[in-house]
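Paired with chain B in one complex and with chain C in the other, chain A is shared by the two complexes that follow.
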Partner chain A sequence: MTQPHTSPPSSRPGAPPATTADAADPSGEPRPGEVVATVAQLVGEVIGEEYVADLDIGPDTSFSDDLEMESIEFVALAEALQLRFGERVDFVAWLAELELDDLIDMTVGRVAAFIEDCLSR
Partner chain B sequence: MSPPADTVPPGAALDGTPSLHVRRMGRADGGALPVVMLHGAVSGSLASWWMTCAPRVARAHPVVLYDLRGHGLSERPATGYRLRDHLDDLARVTAHLDAFALVGHSLGGWISVEAARAWPDRVAALVGVDVPLGGIRPELSLDEPDPVGAPGARRRRRHPIRLSHTSFRADLEAETQVDARSLAGVRCPTLMTFGRHSPFLAGAEIATAALGAPAVRVFDGGHALHLDATDQLSAAIVEFLSPTTAPTDEASRG
Partner chain C sequence: MLWPFLRFPDERTVAQRQRSGWWLLLERWTDSASRELMVRRYTDADERTDYSARNPLAQRSWLLGRAVAKDAVRQHLWAMGAPPMYPVEVQVGHDDAGAPHVSAPTEATGLHLSIAHSAHVGVARLSTEGPVGIDVEQVKPRGEGFSALAFTDAERRILARASDQQPGDPVAANDDDPDFDVRLTAMWAAKEAAAKAAGTGLQGRPGDWMITEAVGDRIRVNDTWVEVEVLDIAPPGGNPNRTERIEPDTYVVAWTAGPQVPAADHPHDRPSQRPGALT
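Right after this comes the complex of A and B.
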């Protein structure tokens, strides 16, 4: 995702007109890259900032291969994301559809895309 | 008085000694029987269920998951890993529940069987998942890999101290066997599941002798049945806990 951050939201019915100065609208859709940044920030909080300091966490970062997160740390990350984004993001329903291999191959970008999808509904 | 389950945050640390990491799934307002799921030893954590069967069971039941002491994000005391210690923890986790079902894998199954015997008025149903029975002891390797991948240098730096620094192995080896007599002492409806390729498959015969054939099911998979047969095991748990398909009704349903 390399869209400029000033690009307007896609043609969401009933969406208010985009304003470039609109920085924090808690009920609106996140800006491109914002969710990835939040996921990256919470990864640092869950596994410890000192362990991510040497990593540039982006959409392609893998939780198991790159971050070497344990499964329980992935649970803790999901808890933190749930608290941050609220009930609109239903991780449990998503999980019920995923196979273990999907979780093993999970990336920051895929989690962010799921969250963005939930927030845009 | 503990607050009702649906007012507790989905993931929370349960205060006390040791502190326990508890996670809830599903809603508590539907009147369905709550299901407490207990993971297996060493490589297990509440993530074992969270990533596999729990979201599927949570479609029908409120689900409570927790990390056994010494595991996951729960506290890891130096000593105190007898079954009675685990029962104390389970009592704290279930303090807000009048009645509940227990689903236990391996060591979690041992704890569940003992809990069903100890609290016959509250444990309404029991599902054992590849529980070692009758003399076959699990080979306790204290550094089994996590299902999501073997640890690299980065993970080892974060988690240098594990169960090998505790009395976990000695306490478990000192434990009396969970066997046919233990199962016979369980009064609630019970389903015992086993993996066809598990080293503990012999337990299926022991369970059949103690409980009857309808109470035993064997699935394709090894000891980690929740990983190997996620869908089948989830469906079996939900079907077993459904009031209309209790084992006693099975014959009439064909």
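Right after this comes the complex of A and C.
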């Protein structure tokens, strides 16, 4: 089970690094936690809301251990994220350079951190 | 299916052997009471501890996999002359790479097992001849992005050519091609099955398992031929009193067939519900 997330987003363990601005960044960068929420929403769309209804998806949620995602669903999630965030987020290149252990231990927070990194460039 | 099993759990199975030689188990125990009944029939104390430690999502797929594996092994051993046997008498373990192995009251050494699950469907395949792999995937609408992430350009040409009905871009999905997602899912499942037969699984590396050919309902992955079958399965929980029709979900099952192409004039025709779905 995913641990309950009661602390502020920026202090969650495994959370992406907090950005300097608390308010919406004028450059269009997402607020802290916003990308995590988007990833969580797309996870629900990919594996089905009926399966995630009882789960509290946060940065520490593991795709394999907590969500039981199959590899085909992980690819489907990558496709959904690519559609949502566009060409600035290159999942094909990112996934290609990851090691096996990285993929097995992949969490919502790591994917969100990668997206935020791409969007901030 | 469930009722005869509950009366004679040491002589009946819930999973059913398919004509193509693999076992199919449909999850029809969606409420907690009937799920608990399945857990009690199929697991011993150690397995129940293992089961209880998992989250609800993991419990469901774990139970599906264990049950279909135990039913497959029991039916196989009965066919070899074994006496009645309860599911708890069959033990399913995993090696470090995740490949399953079995032990049972009667001789089960040399029995190769592969298990897979997707949504409400569990499948298993057994062999006494060597390692086997099986996979099942629910067919869902996928797009170009999925195809680009999962397959090489050469594989995408096979994916497109298989339909032979796309006059435009040879690697693009086509709105007029309703079987595109079936073929795409079949190609993915074929990779999974071949990777599992090798004892490793896909491990997030679809590129290590190259599809080089697709002929009829057979797909070649590296040097391994994989057979695929398309199933339409109604989702569980349908109310028989409701008059509106519930659309079935489509699944693809893929299993390794060995290094040679099986003879086309197979003695018993494969019961594919969509013959030639890939061509």
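Structural remarks
Following the convention adopted for this analysis, the second predicted complex is superposed on the first by the 94 of 121 C-alpha atoms of A that agree within 3 Å, B and C clash if a C-alpha of one lies under 4 Å from a C-alpha of the other, contacts with A are read in each partner's own complex, and residues count from 1 in each chain.
The criterion applied here is as follows: a residue touches a chain if its C-beta (ideal position, glycine included) is under 8 Å from a C-beta of that chain, and two chains touch if they have at least 3 such contacts.
This structure is a prediction, so every number in the text was calculated from the model and none was measured.
Upon superposition of the two complexes on chain A, a steric clash is found between chain B and chain C.
In the superposition on chain A, A:Ala93 contacts chain B only, with no contact to chain C. In the superposition on chain A, contact is made by A:Val75 with both chain B and chain C. With chain A used to align the two structures, chain B clashes with chain C at 201-209, while the other stretches in 3-11, 39-47 or 201-209 stay clear. Common to the chain B and chain C contact sets on chain A are residues 48, 51, 65, 67-68, 70-72, 74-76, 79, 82-83, 92, 95-96, 100, 103-104. By the touch criterion given at the top, residues 47-48, 51, 63-65, 67-72, 74-76, 79, 82-83, 92-93, 95-96, 99-100, 103-104 of chain A touch chain B in their complex. Looking at the complex, you find that chain B touches chain A at residues 9-11, 21, 23, 25-26, 45-48, 50-52, 55-56, 58-59, 67, 72-73, 146-149, 151-152, 154-155, 157-159, 227, 230.
Remark: chain C residues 55-58, 61, 118-119, 137, 140, 142-143, 145-146, 148-150, 185, 188, 192, 202-207 touch chain A in the complex. Within the complex formed with chain C, the chain A residues making contact are 1, 48, 51, 54-55, 65-68, 70-72, 74-76, 78-79, 82-83, 91-92, 95-96, 98, 100, 103-104.
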